[in-house]
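What follows is a set of structures to go through.
In the two assemblies presented below, subunit A is common to both, partnered first by subunit B and then by subunit C.
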Partner chain A sequence: MTTTVAGPPGAARAHSARGREEHRPRRAWAPYLFVSPFYLLYVLFMLVPVGVSLWLSLTEWVGLGTPHWVRLRNYRLLATDISFHRALGNTAVFVLVAVCLVVPLALLIAQALNTRGLRVRDLWRTAYFVPIVVSPILVALIFGLIFDRQFGLANAVLRSLFGTGGVDWLGDPNLARISIALVMLWRWTGYLTVFFLAGLQNVPRELYEAAALDGAGRLRTFTTVTLPALKPVTAFVVVTSFVGAAQIFEEPYLLTGGGPAESTLSVTMFIYRAAFQRQQFGYAAAAAVVLFVLVFGLSRLVNRLLGIGRAAS
Partner chain B sequence: MTRARLPLYAFLVLLFVGFLAPLAWALSGSFKPRGDIFGYPPELVPDPFTLDNYRTLLTEQPFGRWFLMSTVVAVVATTVSVFVCALAGYGFAKFRFAGKRLLFNVMFSSLSIPFAVILVPLFVILVKTGLGSPWFALIVPWVAPAFGIFMMQQYIVQSVPDSVLEAARIDGASEFGIFRTIVLPLLRPALGALAVWQFLQSYNSFLWPLVLVSDSSRYTLPLGLQTLFVSEQRQYDLVLAGSVLAVLPAVALFVLLRKQLLEGLSTGAVKG
Partner chain C sequence: MYTPPPPPPPSPPTRRALLRGTLGLGTTAALAACGGDSTTPRTSGDVTLSLWTHDPGYEAFFAKGVPEADRATDFRYHLKVTRAGAPDIVTKLLAQAVAGRGTPDLVGFEIASFPRMLRGDIAERLLYDFTPDIEAVPGLKDDLLPARTAPFSKDGRVYAFDSDTPMVVYFYRHDLFEKYGLPEDVATWEEFAEAGARTHRDHGASMCVVSTVGSDPAQVVQSFQMLLYQRGGTFFDAAGNLLLDSPEAEEVLRFLCDGLRSGFVVEVSDYYGAGMQTALKRGRVIGLPMAIWYKNYGLVTNVPEQKGKWRVRALPRFGNGGGVTAALGGTGFGVVKDQANTRAAREFLFRTWLTHDGQVRRFTETGYLPTRRSVFDDPRLGAYTDDFCGGQRLFRLYRSLLPDVPPFHQSPDQSILYDVLGGNLLRAYKGDLSPRQALRRTVADFRDQAGR
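Now for the complex of A and B:
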């Protein structure tokens, strides 16, 4: 039982580790010292803030003076705040885009890159990964250039192909969401591809040969050999992209400012706006607690469904 | 054989263009005069070609200071966090101790806590305790990412043999001595991968500096560029040049160390 996540090889080694520790009890403190810097930082900068968030969410506070104790009023207000509902709905859309579009596309690309004897694999992989290392500010500028209603590249291309441009990419609520989704696809797909590709390269070749001997077609091989072997990677990728999309901020903030008419307002933007533009710290904290419960609960659920975080031994 | 692969390569080339064309378009725009950036028909090769955007940016804006701020913060944060992650990863990979499973689960589940949840309280705490200085607040809270510990732990399980540690213990080496002289050198590839990743995370971070840094002499690159963009009535010329300059070191770092980074990143997830 090395860890909850490591596979059998790790577990085998941990047994020898146990024997060693039992022989040398005088060093029993060593592992605690090794992990302590992390937990010190974790308590100070994660647990304490989460606790403070819970407490703040029960108060009304403009950032100065003493917070007013208002019990659950912030939550009651959130329950009827149409902006917050919009933010939740939009964020749900972004999460769906990430999990149902970005992740499968990344898997598809990884499949293509895993073809045996593929040329310049490194070139493809590298090029697809580049968007994630680009500063969000440049991402916003690029897509501002592309989606501009009057002079954007997207409309210029449409105009030269079909004679009509004038699509209001960022000005129409639905199109604005689609535009953000496109930015997400551009930014995240290549990053996630790397994980799937590594996972695919780890599938033992004999499994494919056995499937071929059984006369399994491409699709059957994929569902019976590839997918089960990829389960741990998939779990990691799904959780990562879920948590990432659930707290999306930069893309809508820089590109649309949450508009038009709050159609791309995300929960994180809602929190930012409440706290730092409207000085409603208690209200922002309550929204953050709601986000925490939703994201933490759902990602634990996904972990359980896909089987990571389950004890390996 | 090759003909059967045609659709595959067509697909890959299409993606290649899709992922890189937007960057090429930004690069091209940064060499155009303001009026041409949105010109019709769109021209990929700037004509006339101008360096004025870069010249104006570098002479009239404190670009160098933003760059220095971002780089120093990212380098310090990276150095510390790589060390913290290696320590904790080693603790989890090579020791058995009471409470290990619980501690590991706590660490692992922090991957599922969105940053937005602690955004407001962390800001409040740091400002109220007088620790809101950018040098502290942009660095210290971010030096212990769970992802990095997980990655290190996976790598150490796979690549540090118990026998070596055992031998060093018999020779009477101290636990920390073993970590420093034996384990750390074996971890070099993973440390490199984590370092690149941490550097990029810190260098590109936007929301936290946006909230935290109000003193314009302490702006990081993304923050300085964003402020410039707003103050120029969303005119693209200067900011585009600045963003291209800001992104160059990040992309160069990634391209140089890509093998290490891409393999290191996926170790953890793959072994799962």
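Now for the complex of A and C:
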């Protein structure tokens, strides 16, 4: 038999109060502890590199030894560097392709995939989504074979259809840009389609019924019901496409190496080339800062234009 | 029975204690990470050399050389090999050097990646200078081919030893040359081009190749570079000054552009890819100038069924001067300085890479030609016959080419030159620019970008 001797009256209450007091500090630091991993990683892998890049952009550094302080010299050189200007121009073209071609095409495909009664819908969805999960190396290899001037599939098709097929897809500066744009279309459209499809499936059915009762045709329904309902999704897709295309690297790097004659050189490739082929780390950092400022500023502008983050009126 | 009240729960750490703990842990980790490797030099005994290379052939060569090095030195060697892409090796080496630890002892620099080591004082800070050691070994300085030390030198100091003397020769289809009635001993490129134009017209075959792969400016440049070096031109002098704007360069570029118009020269997108393979298999390309290693990496791999049909000869001369060969490619092995294993790595390299027997073994195992003049006279190499080339005794040819192998220098701005020259060569091939304009524009673009 066990006998428990109770303490003096009021001891339990006092103990409970002490417990609460002892627990209070734990509650006070617990939230900080929980959020600290994010901030620690954010500082380590975001703020510190950004700060170091900024500092490095004001120096000349070959990758070893002490960086030499040059103030704004790298920025001045960038302002007169034809190669950098070309990279900016090419990147602008890629951004336009992403925003003005890939995004609308993705919307149209999503609309088609969302049609009632579409057979083997899942097969279509998978087919459109597959390019984004294919390794970029494989994509470059396949498109390299397709666009080969003498023995490529594209020219073979042209030859068999029109009797002419000596098109230098990757060797001609303008065609090389078009080839990269085609690869971007093939690779990214299906991925963006998924976002639009998710948005379309959330448009209330009653809105379509109301539009039908009002006698709206397909085009009218699309412009007055679908598009407004998709505005938040569209805004998200446009901004992410813009940011992604502004930092495009894999497609031109693997397919054309930025050539011919820098006609497909993107700004990120310019940065990579300066840092890891030419050992001009300060110069590369300055180009990276310029790219960051441009992308950040323009995406803020796009955010504002599309009203992202603002409550619906 | 009395049961005491439960003990109070341990008090949680205060914010200050938590901060102190985190700082302490962080400092310990940082100090541990910053601590460099020991640099006390090892002078004998067991040593594990860290070797970085992009080519498994070198890995096998050095592994087999361990017993030989053990016998000849006071060390007992073990190798720890890391393989990476050729450009990545330089990037990783510099990253480890900045970190102050984890650098290799022995590094293989593919020749096109070495110019990065020439930027600023990277080579001097990081690599062991072999110049005094070369002078200390009797006869070595005169025996080493200057053509193969120059690309890995800076200010007269040698920082790596090349793996090869990659002479440029003319590969051709013996059977098709016979079939088309083409003489195999044509003396000059000019005569060769005339015969090539006829062959293209009559048989649709070409006898020379230029690469137009837009994604690889270095490969585009190679086609031009080989003939430029043969003609007596060069890209850079020993001080790194650009010498491209020369009559030799213009002559060679004009020769290639004219060849493209006549069909004597054909464009291929890639020397090693599907386009070239198709051209070789269909007999559209029946000959090309290339470095000797192309036999293993381009011909044997792409058209193994054509074994016995290929032959090798010296390049035809240019009527206006130059030699009968050039050099293209190579991989230099260097030793990282001021490390515990620096001496061991240096001795290992000297006892495997540079010995007479080591150079013979290197050829038999990897196919790379010796870099010491005297080794070319070795009877074992003289007796070597090449089955792919119809049993030709190639060393007789190689020995005859040796005096003509031109030395060339590399510049830290080489990748800039390749980028701008590659684009302008393509424009010249297409006829958008004349050879003169292409070279002038290259020089102007190079000056605009170099030194930033």
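Here, the second predicted complex is superposed on the first by the 274 of 313 C-alpha atoms of A that agree within 3 Å, B and C clash if a C-alpha of one lies under 4 Å from a C-alpha of the other, contacts with A are read in each partner's own complex, and residues count from 1 in each chain.
Simple rule for what comes next: contacts are C-beta pairs under 8 Å (C-beta built on N, C-alpha and C of every residue); 3 or more make two chains touch, one makes a residue touch a chain.
Since the model is a prediction, treat every value here as computed from it, not as a measurement.
Once chain A of one complex is fitted onto chain A of the other, the partner contacts of A:Asp81 are limited to subunit C, with no touch recorded for subunit B.
Within the superposed three-chain model, A:Tyr42 lies in touch with subunit B and out of touch with subunit C [touch as defined at top].
By the touch criterion defined above, A:Phe276 reaches both subunit B and subunit C.
In the superposition on chain A, contact is made by A:Arg300 with subunit B only, not with subunit C. Once the two complexes are laid over each other on the shared chain, residue contacts for A:Phe151 go to subunit B and to subunit C alike. Look at A:Leu255: by the touch rule set out above, it reaches subunit C but stays clear of subunit B.
Contact with subunit C, but none with subunit B, is seen for A:Val62 once the two complexes are overlaid on the shared chain. More residues of subunit A are in touch with B than with the other of subunit B and subunit C.
Once both structures are placed on chain A, subunit A residues 2-5, 7, 18, 28, 63, 144-145, 148, 150-151, 254, 276 are touched by subunit B and, in the other complex, by subunit C. Residues 1-7, 9-10, 13-14, 16-18, 20-21, 24, 27-28, 30-35, 37-39, 41-42, 44-46, 48-53, 56, 63, 109, 112-113, 115, 118-119, 122, 124-131, 133-138, 141-146, 148, 150-153, 156-157, 159-160, 186, 190, 194-195, 197-199, 202, 231-233, 235-237, 239-240, 243, 246-247, 249-250, 253-254, 267-268, 271-272, 275-276, 281, 284-285, 288-289, 291-292, 295-296, 299-300, 303, 308-309, 311 of subunit A touch subunit B in their complex. Listing the residues of subunit A that touch subunit C in their complex gives 2-5, 7, 15, 18-19, 22, 25-26, 28-29, 62-65, 74, 77, 81-83, 144-145, 148-151, 168, 170-172, 176, 254-263, 273-274, 276-280, 283. Put simply, subunit B touches subunit A in their complex at residues 5, 8-9, 11-12, 15-16, 18-20, 22-23, 25-26, 29, 37-42, 84-85, 87-88, 90-97, 100-101, 103-125, 140-141, 143-144, 149-150, 153-154, 157-158, 162, 166, 169, 175-176, 179, 200, 203-204, 206-207, 211, 221-222, 225-226, 229, 234, 236, 239-240, 243-244, 246-247, 250-251, 253-255, 258-259, 262-263, 265-272. Residue ranges of subunit C in contact with subunit A, taken from their complex: 1-3, 5, 8-9, 11-12, 14-15, 18, 87, 91, 94, 97-98, 116, 119-122, 125-126, 212-217, 267-269, 273-275, 278-279, 412-413, 415-416, 419, 422-424, 426-427, 430, 445, 448-449, 452.
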